[in-house]
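To start, the structure under review is shown below, and the notes come after it.
Letters A, B, C and D mark the chains as written, and numbering starts fresh at 1 in each.
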Amino acid sequence: MRLWLYYFKHAFESILGNRLIYFISTGTISISLLLFAAFVLISANFNNWAKSWEKSLSLSVYLENGTDAQEKDEIAKAIERVDGAEIKAFISKEKALKDLAETLGSQVGLLEGLTKNPLPASYEVIFRNRELSREELKNIKKSLEKVKGVDEVQYSEQWLERIEGFIYFSRILGLIVGGLLCLAVLFIVTNTIKLAIYARREEIEICKLVGATDWFVKIPFLLEGAIQGIFGALIALSVLFFSYSMFRVRTIQLFGLPVMDVTFLNAGQYVLVVFLGLTLGLLGSFVAIGRFFKF
Amino acid sequence: MRLWLYYFKHAFESILGNRLIYFISTGTISISLLLFAAFVLISANFNNWAKSWEKSLSLSVYLENGTDAQEKDEIAKAIERVDGAEIKAFISKEKALKDLAETLGSQVGLLEGLTKNPLPASYEVIFRNRELSREELKNIKKSLEKVKGVDEVQYSEQWLERIEGFIYFSRILGLIVGGLLCLAVLFIVTNTIKLAIYARREEIEICKLVGATDWFVKIPFLLEGAIQGIFGALIALSVLFFSYSMFRVRTIQLFGLPVMDVTFLNAGQYVLVVFLGLTLGLLGSFVAIGRFFKF
Amino acid sequence: MIQLFRVSKYFGVIAALKDATIRIRKGEFVFVTGPSGAGKTTLLRLMFGAEKPTEGQILINGINLGRVGGSRLDFLRRQIGFVFQDFKLLHRRTVLQNVALASEVGGEKWTTTRKKTHQLLRAVGLTAKEHAYPLELSGGEQQRVAIARAMVNDPLILLADEPTGNLDPEITRDIMILFRSINLRGTTVVVATHNKELLRNTDQRVLFLQNGMIHE
Amino acid sequence: MIQLFRVSKYFGVIAALKDATIRIRKGEFVFVTGPSGAGKTTLLRLMFGAEKPTEGQILINGINLGRVGGSRLDFLRRQIGFVFQDFKLLHRRTVLQNVALASEVGGEKWTTTRKKTHQLLRAVGLTAKEHAYPLELSGGEQQRVAIARAMVNDPLILLADEPTGNLDPEITRDIMILFRSINLRGTTVVVATHNKELLRNTDQRVLFLQNGMIHE
């Protein structure tokens, strides 16, 4: 206990005594962690957005011609029994025809020759708080199609595939970039600490010459590394938060379709970055100091 | 000349004499430039892809009913006079109806009541080797609509908007990330060189004490910085090229639609990275050495 | 206390010490002298375990330095005080901290450390400089800090390498009296020096080194 | 050649040099002596422009050190040789390179540099060590490298701070002969030393420093 106080005292004294070095290396750690934290921020937001996109999936449940009101209610109930499913709208035959006319635009002439309305009525169904795999969607489709009065259940297979492909691709890219970034940060931080300790290798040598044990010499360096790492992480987070508040794009319309809510890191990610800083500082010092121990 | 030889000789000797420091700091420079080069690679490919997407824009030129063969040819000529425009296909009234039936899928019943084909024939036009702004598209539309026999020219305003929005957003994000990365790399490299020179501040002091002029002391450090920067850049490029060859994803299907060809950096980007390394090394040394000149 | 059996130390082709056999008894006071580059520093560093001999065996206090390493060597070093020819002070710590370090390293109680540190700084005449940093001291003052540090642990053995090279004759005399007094309290003292003055007025044992060879 | 008018140097409250007025003529050979911490090093460093005086004026060769800076000071320093008390050798360069550096700094022709360097290394007896690095040398050998470096430019002024602290009496005599010979060729020499031996056998001028005060 007394010894730890001693170590801490010396670590702080040494940080003060080597202000310049610590200033420089803590700066580098901050920047590296800033890159990392920015990456976490971007990919967390991307993930949110991807999820909300997946959630924006909708089904169309087409009714047979001549379904009566009771059957309609039965179908609605059947739909709402599906986990997470919610009826967004009922589209009557008339509404369907009007929508089609709008979609056709200048080709509306197509509808002129119609003698009767050939379009079915349908329920538009969306899913809330639930991610659906293609498999699950298929099962839901099958089960709903068994309900009396339901003609067909449709979802846009193609659209789904594209989005899934895009999200999948982005996640892979994110993992690669994230991994590379992690390695880069680790490497840069270790190197920086190595250089910082290199500038002080005489100290290590002298301490060993007056009979200090390895740990007596190492512990202050490790503590200094840990302190630097934590400080670096805190600075990085502050800078990130500051620029987040500055820009505050917050809500981004993308692809017209989904609305992206830019959120800041959550508590867990905060802790992750600080923990990473701590680990990097400790590990960096540990690796770095090993080099200078051949006395 | 003789003096420069002397400087170069000393720079190389000093790099050999301070192997460890140079190894560490060149490593850091490499990693930083690797991050940067990877960013350039990704955004260059993204750009290619975005361009090819923009190129995949198409116009539909609808013909009036009862256009004769000569008019059709006139129209085709008019289209081909537009810079970069190329006719992909001529879609006759019959083909148009068949396509619509396919698109409607289960709602094909809609077409049952038709007494005559209400759909117009059309030319499908694509643009090669040309990026089009919305403004230009509008002008093309107007001018083509003046041609005799043309009923209407259409392009998907909505789709275009979405893609443009996405590309615009990605470019902004890319600029922000790239700018941040540039700053980070600058900062990290300067700091690393600062630490490396800090470890050798005694040398500077002693040289000044034996009467060396400032430039006599500085030039070898600047040369060493430049050499480190160039080496760092070359290492970064090699690593990047190596991993590029390893993964060789090369062709990525994205959104189903456009095919993305993953290409490596071009000569200009190569030079850019090396030049950046050189500049960073020089600038870093210059900034760093300034700190230790108070003798 | 200190025994060397046929010890040689080569740096490449240079023989810094050749086939030296020396036995120094507990409580002895020995001078080592010889021209520049004769091997005095090498001899002292070998006794301290800071260099490994190329050939031969070194026993300190019955412990074979060739067979000991790690924390055992650290422990041994805490019982040996060494005044380095180039002082080897920590530039980022004050005089007080430099001297105290050697004591703290052994896990000494803080009060004891403080008492011993002050006492030794007084003995070498540096009480006024205790909060100065080594680079703010004159050459002779730095040397005296190194001497104080070597003695703060009441070592079993004191090895002093040219401890008076930067000191004027008066302070040199004081330092020699200090060495004599610690020697009288049982510490084995080995002093390497060029100073003919020191050797002239002494009846102590003198080892004469030349080209790495020992002559008694 | 060297003139100090009422020069004082304070480090905080410590007066390293008080109200010193000294005039050293061209070609003189002067000893500076005094107890440890008296201000010898400070005096020499002031003459070299390595410290700025707190008060007073220093003229070297007619140039006022207080008014000169940058490249003019660099030029002046190339005409002054300084043997530092702590040597100040570049650890990453060999003995040869260390000595040659002082010559190259002035843009000297390479052949001249080489000739002078070899000649001086022979004079201090280090020809065999020319490719060694300073940390591979004994204390006295390092000191001799510092002496050789200070003399390689045939300086107008040679300032030597305790140049024989790590040297044995024989080499000390050789070095003093070297200093005398360069002095005879016109160089003004100032030597700070504790060595009573040197002062005893000399008829040169001796400045005595105590607590920063000069007594002739």
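Criterion: contacts are C-beta pairs under 8 Å (C-beta built on N, C-alpha and C of every residue); 3 or more make two chains touch, one makes a residue touch a chain.
A quick note: this is a predicted structure, and the numbers were derived from the prediction, not measured.
Listed here as common contacts of chain C and chain D: no chain. The set of chains touching chain B and also touching chain C is given as A, D. Highest C-beta contact pair count among chain pairs: A-B.
Chain centres computed from CA atoms place D at the largest separation from chain A.
With centres taken as mean Cα positions, chain C sits 62 Å from chain A.
Taking each chain's centre as the average of its CA atoms, chain A and chain D sit 67 Å apart. With centres defined as mean CA coordinates, chain B is found 24 Å away from chain A.
Centroids of chain B and chain D (each the mean of its C-alpha atoms) stand 62 Å apart.
Residues of chain A in contact with at least two other chains: none.
In chain C, no residue touches two or more other chains.
Taken as a contact graph, with one node per protein chain and an edge wherever two chains touch, the assembly forms a single closed ring in which every chain touches exactly two others. Pairwise, the chains that touch each other are A-B, A-C, B-D, C-D. Residues of chain D that touch chain C in their complex: 11, 33-37, 40-41, 85-86, 136-141, 144, 161-162, 165-171, 194, 196-197. Only residues 50, 70-71, 74-80, 82, 84, 88-93, 101-102, 104-107, 110, 149 of chain C touch chain A when the two sit together in their complex.
Interface of chain A with chain B (complex): residues 20-21, 24-25, 27-28, 31-32, 34-35, 38, 42, 62, 100, 106-107, 109-110, 112-116, 118-120, 152, 154, 158, 161-162, 165-166, 169, 173, 177, 180-181, 184, 187-188, 191-192, 194-196, 198-199, 252-257, 291. Only residues 2-3, 6, 14, 17-18, 200, 202-203, 205-214, 216 of chain A touch chain C when the two sit together in their complex.
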